[in-house]
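Consider the two complexes below, in which subunit A is the common component and subunit B and subunit C are the respective partners.
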Partner chain A sequence: MNQLLEIKDFSVTYVNKSKKVYAVKNVNLKINKGDSLGIVGESGSGKSTLAMALLRLLPEKNTQITGKANFIGKDLVQLNQKELKNIRWNELAVVFQKSMNALSPVHRIGPQIEDIYRVHKPNASKEEIFSRITYLLRLVNLSERVYTLYPHELSGGMLQRVSIAISLVHNPKLLIMDEATTALDVVTQGQILDEIVKMEQTLDVTRIMITHDISVVAASCNKIAVMYAGEFMEIGYVKDVLKNPKHPYTRGLLSSFPSLKGEKLKLTGISGYLPNLSVKQEGCIFAPRCQQATEKCKQEKPLGVEMNENTVWCHLYSSGGELINEDQKPVYKD
Partner chain B sequence: MKTKSPFIKIDKISMWYPQKSKNLFMSIREERKWIKAVDQVSIELERGEILGVIGESGCGKSTLGKVLARLENPTNGDVYIDSVSTKELMKKDTKKFRRMVQIVFQNPFDTFTPRDTIEQILLRPLKIHGIGKTNAERREICIKALESGGLRPADEIMKRYSHELSGGQLQRISILRSMLFEPKFIIADEPVSMLDVSVRSEIINMLLTLSKEKNATVIFISHDIALTRYVSDKIAVMYLGKVVEYGDSDTIINNPKHPYTQALISNCSSIDPDEQREIIKIQGEPPTPVNPGPGCYFASRCFKASKECFQKYPAATEVSEGHIVACDRWY
Partner chain C sequence: MKKYVTRRVFMGLLTIFVVFTINFIIIRLAPGDPISTIMGKDNDDPILRTALEEKYGFDKPMITQYAIYLKNALTGDLGISIIYNKEVMAMITERIVPTLLLVLTAAILAVIIGTLMGMYAAKNEGSKIDVIFSGAAYIFNSMPAFWLGLILIIIFSSVLGLLPSYGMINTRDAHTGFDYILDVIVHMVLPVCTLVLVEIPIYFRIAKSSILQVTNEDFIVTLRATGMSERKIFNKYILRNAILPTITIFGISLAYLITGVALIETVFAWPGTGSLMLTAINQRDYPTLMGIYLIMSISVAVVMVLVDIVYATFDPRIRF
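Showing the complex of A and B:
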């Protein structure tokens, strides 16, 4: 298979004088070319930390990143600043929730994008840049007129579209969207998601979508990873995981979303709160909030169980599915 | 003719803000411009009913909430609770009005003053309204309320400051505090949008149980359509300060008639990955609410608009019983 990104034993720890906070713990993940992966979880579950660590945007002074992140032959963890500079925008791009705030208020949209374009292609001609930018603006459903406008003349949705267009200037292989549509209105969000999905088919980008809204993932991704307290709970295809959730946490998360058109079922949340991440916990991290937790869950960390191409980290299935080896190599059935 | 007047009658309420002109000279010469945040909204509600208000940001949902709680004085119109004009009541007996109408805000971290403990925060309104004779008695009331909301040990929580509690806990306290006076009318302005998904349902269920217990009428303002449908009996869809569609929540979601509602619901993604959605695209963003019209405010983005739509604001028509649509081309 055409693998784009492989994260192995990836951990992120925030360190300060008095304590260490284990924000992401020994995560393993594989992303193939053309995938669109949605990472969901509560706030504080480490979704953004994972993305920021992959992009190497965290301050190096007080964060420790261990493990491997193999991105098309390069280990993102080991790269130095100069090598990172070459990768950013060219192969790896990001859109944040408030990316639009990064736009300069005193420059027109077009020249701003030109500057970004020139960072990697200093000798590009004006015509080349113009045609590329207007092509991208059209792709995100904006008119060419935007090129000569100032950011304050555009609405929030349009600015976010501009940020998405900027992230695509150099045709990156991997696009990370960290809550990129959260601040937008329902109508704008729906339309942008629709555009992103269409755009992906034409541009051949792989996407990681970080959000707390499962419906966004359902509408725009093919794979989903459920994250809790710095660990993955369940990874699999959207249609399997949302239709037939295996992990108790996924089930709890899904039952706290009301359905739009279906029956009005009683909403049930997950009682309790996120654990203190500065303390290393024995056993399954979700066990204190899990209603199906047994003694085993409190003592032993569950290993990933492979079930029909989906992986679940839960003791409930350790006998049912096939166990993955210690070094987390997936075992495929014939 | 109706024999019984409704419990809560919102009568053509409007909130217009004057637009400041940048140029003094122009401001004298030109006619004054108004931002019509809420424009002639009329809704009738029964006791214990829950009304959901949905719409894009900037459509006036929150302003409507503020006006109903009289945190802002409406430019026009009035609200009648049990046939009593709140305008009159506000002049005569402000405290009584405040006891009748309570509001829960969006951000629980901003709701409470950071300088006081939860105990001080909860006791103060009781003292102001003269509920309970002694401080001990009032404390007792608060502890009971906190425990009924699942905040245990209540004693411990009362001693804390707001920054020592989580958003979910704070929002629960905020709802419980508003319930202390047994209000008849509660306005919940996006009460869960700042909270985590796993905590949300508990807060919503608490709001529902309490309002049912006290038989209070609730206005639930939200931009989350699926959640609003879960919570409310009736839904009002707002666009640029006007209610464009109003009816039973299931009717609105499953059988929307106004083109704007149709677009809004078609764009709302569901957690069911199999659901076929056909997105109705609408052009652009809402226009500015400065002197809109004369035609239908939505006409410039509407996929059904005809010439007439740009000339006259459509009258509200009753499509089926209790389902009101402000569109001439709803069929």
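Showing the complex of A and C:
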């Protein structure tokens, strides 16, 4: 079987004293082995929440997770602590958004990575660990010197690279990178993305890349999922979606970025704000900000429409995937 | 690290010097006059006054007095007590040991017990024991130490008759060797308990809140995500990070104890510098008072320097 992760009706709700925040709502997603999926969406749309929930790292006290997340034959939502421990880092690793603080400030970097290595290989020899770690540090363009340094002696970008190296310690099957390259300069980012892509092919790693930066997705992913207010708007191959975005939100999002090829485009963006996530909204979640919204949009939630392997959640598309109204061509192609 | 230590030691010496000077000035400026105290209230014999002033050097200008005092202090001569007519240095050396014994024992017990309680409460946050600990910490923290000391005396000495309430040894029945040590320990129980009880809440609270805070740090989430066991995360990573504020607080509170223990020494008639200081204040015994302040400021400076060095070995971000 080719499928690595299948998320079904997956919802995450933060339960605070006074209110609930529906951060991720009934999302569905399939990831095949070898895929690299970029998840994009504006700040607060639930990308990190989705990742943290898949890793079961949200405090159980105040979060509810429902639905299924089948990962190599096991449902991540149902795993007990022992099963989780076995999967973590061995098969499912992550680079966190805040990698500045991803390491203990009072321990040297090398020994911390050693400890992480020993979690799943308690009997590994010192030399084995050292050679593995220095190999990974070189992979992310860091010198061996980093081994004996403390986190505060590194720059933000260097720490991000350390975090990336740590995530690869056990050759995970699925790697989630949450804004993992944001602190890097364009050159380093490009180098590291190249390394990651190369390594994926040899090591058989599947990757989920959470980012604000569509150029990162364009450079390193084959699929893209556009997320808005806790729901997916459009999922498909990068080559299709970036060239020919179907969903009004995707179009808006793309037009918020300067063209990838450097053409001069009008930056239209999207006016308005994310909806309040603590109330459940009828109809399409994007309707309040969508210029093409109709009465139907405000009442009925759009179902996913499949169009050559891509999926769009929007009433504009009939079941055949045709644009219903020809006036509503992508706004950004002017 | 070497540079850091050198700088801290230098700063410590400078602090002592500044405190020394300020003390000298403040004490001279304070109202009251030691010569009158010695001569007695109604005696106003000008010849006796001049003679006494000459003996203690009060006839010279302030700056000369200061220079002489500084020179002597550097050689370990702190002058002669106006009231006891004894060498100040000898009096203080005799009394500093009981004070340090009391203060260090109490501080070390309090930091160990308080921190362990804080660790337990943080691990079991919201549990019954946490609630009890926190409540007790609140109560003991708001209790004046001398009052607590009196209550302990009433309960354990007067009512139950279990422990001695004053002094450091049983003067009527002097012991030697091991029995002497035992005797001192028995006498220490109540004053040490008093100090420990009021100090525990400080360490309890700082340990608990610091552990809870570190537990929510991002790097703990990283370690959890790697599948590391909670035990290892706690013992190696949380504790090591959470202990930092405790070190700082230990320094501050130890320094505070060294100077603040006087009242407790009085309550328990403990033969330390505290009771000597209170007498010296009442009698305007300048040489003694200045000697005590000097020794205290040296003790505080030494404690601070040591604590800073310990802190630096625990926190790499400090060393530069």
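Quick note on the criterion: the second predicted complex is superposed on the first by the 297 of 334 C-alpha atoms of A that agree within 3 Å, B and C clash if a C-alpha of one lies under 4 Å from a C-alpha of the other, contacts with A are read in each partner's own complex, and residues count from 1 in each chain.
Everything that follows uses one rule, which is that contacts are C-beta pairs under 8 Å (C-beta built on N, C-alpha and C of every residue); 3 or more make two chains touch, one makes a residue touch a chain.
Values in this document were obtained by computation on a predicted structure and should not be read as measured data.
Chemist: Could you look at A:57 and tell me whether it touches subunit B, subunit C, both or neither (first, second, both, neither)?
Modeler: Only subunit C is touched by A:57; subunit B is not.
Chemist: Quick one: is A:243 in contact with subunit B, with subunit C, with both, or with neither? Answer first, second, both or neither.
Modeler: first
Chemist: Just to be sure I read the superposition right, which of the two partners does A:84 touch: subunit B = first, subunit C = second, or both, or neither?
Modeler: A:84: touches subunit C, not subunit B.
Chemist: Classify the contacts of A:157 with the two partner chains as first (subunit B alone), second (subunit C alone), both, or neither.
Modeler: The answer is first: A:157 touches subunit B but not subunit C.
Chemist: Contacts for A:116 in the overlay, against subunit B (first) and subunit C (second): which applies, first, second, both or neither?
Modeler: Touch partner of A:116: subunit C, not subunit B.
Chemist: Just to be sure I read the superposition right, which of the two partners does A:104 touch: subunit B = first, subunit C = second, or both, or neither?
Modeler: second
Chemist: Using the touch definition from the top, say if A:94 reaches subunit B (first), subunit C (second), both or neither.
Modeler: A:94 contacts subunit C only, not subunit B.
Chemist: On subunit A, which partner's contacts cover more residues, subunit B's or subunit C's?
Modeler: B
Chemist: What part of subunit A is in contact with subunit C in the complex they form?
Modeler: So the residues of subunit A touching subunit C come out as 55, 57, 84-90, 93-94, 96, 98, 101-107, 115-116, 119-120, 150, 152, 163, 166.
Chemist: Using the touch rule from the top, collect the residues of subunit A that touch subunit B in their complex.
Modeler: It comes out as residues 42-43, 155, 157-158, 185-191, 193-194, 212-216, 218-220, 238-239, 242-243, 252-262, 264, 266-271, 273.
Chemist: Okay, in this complex, where on subunit C does subunit A touch?
Modeler: Residues 217-219, 221-229, 232, 236-237, 240-241, 244, 314-317 of subunit C touch subunit A in their complex.
Chemist: Show me the residue ranges of subunit B that touch subunit A in the complex, using the header's touch definition.
Modeler: 56-57, 166, 168, 196-202, 204-205, 223, 225-227, 229-230, 253-254, 263-275, 277, 279, 281-282, 285
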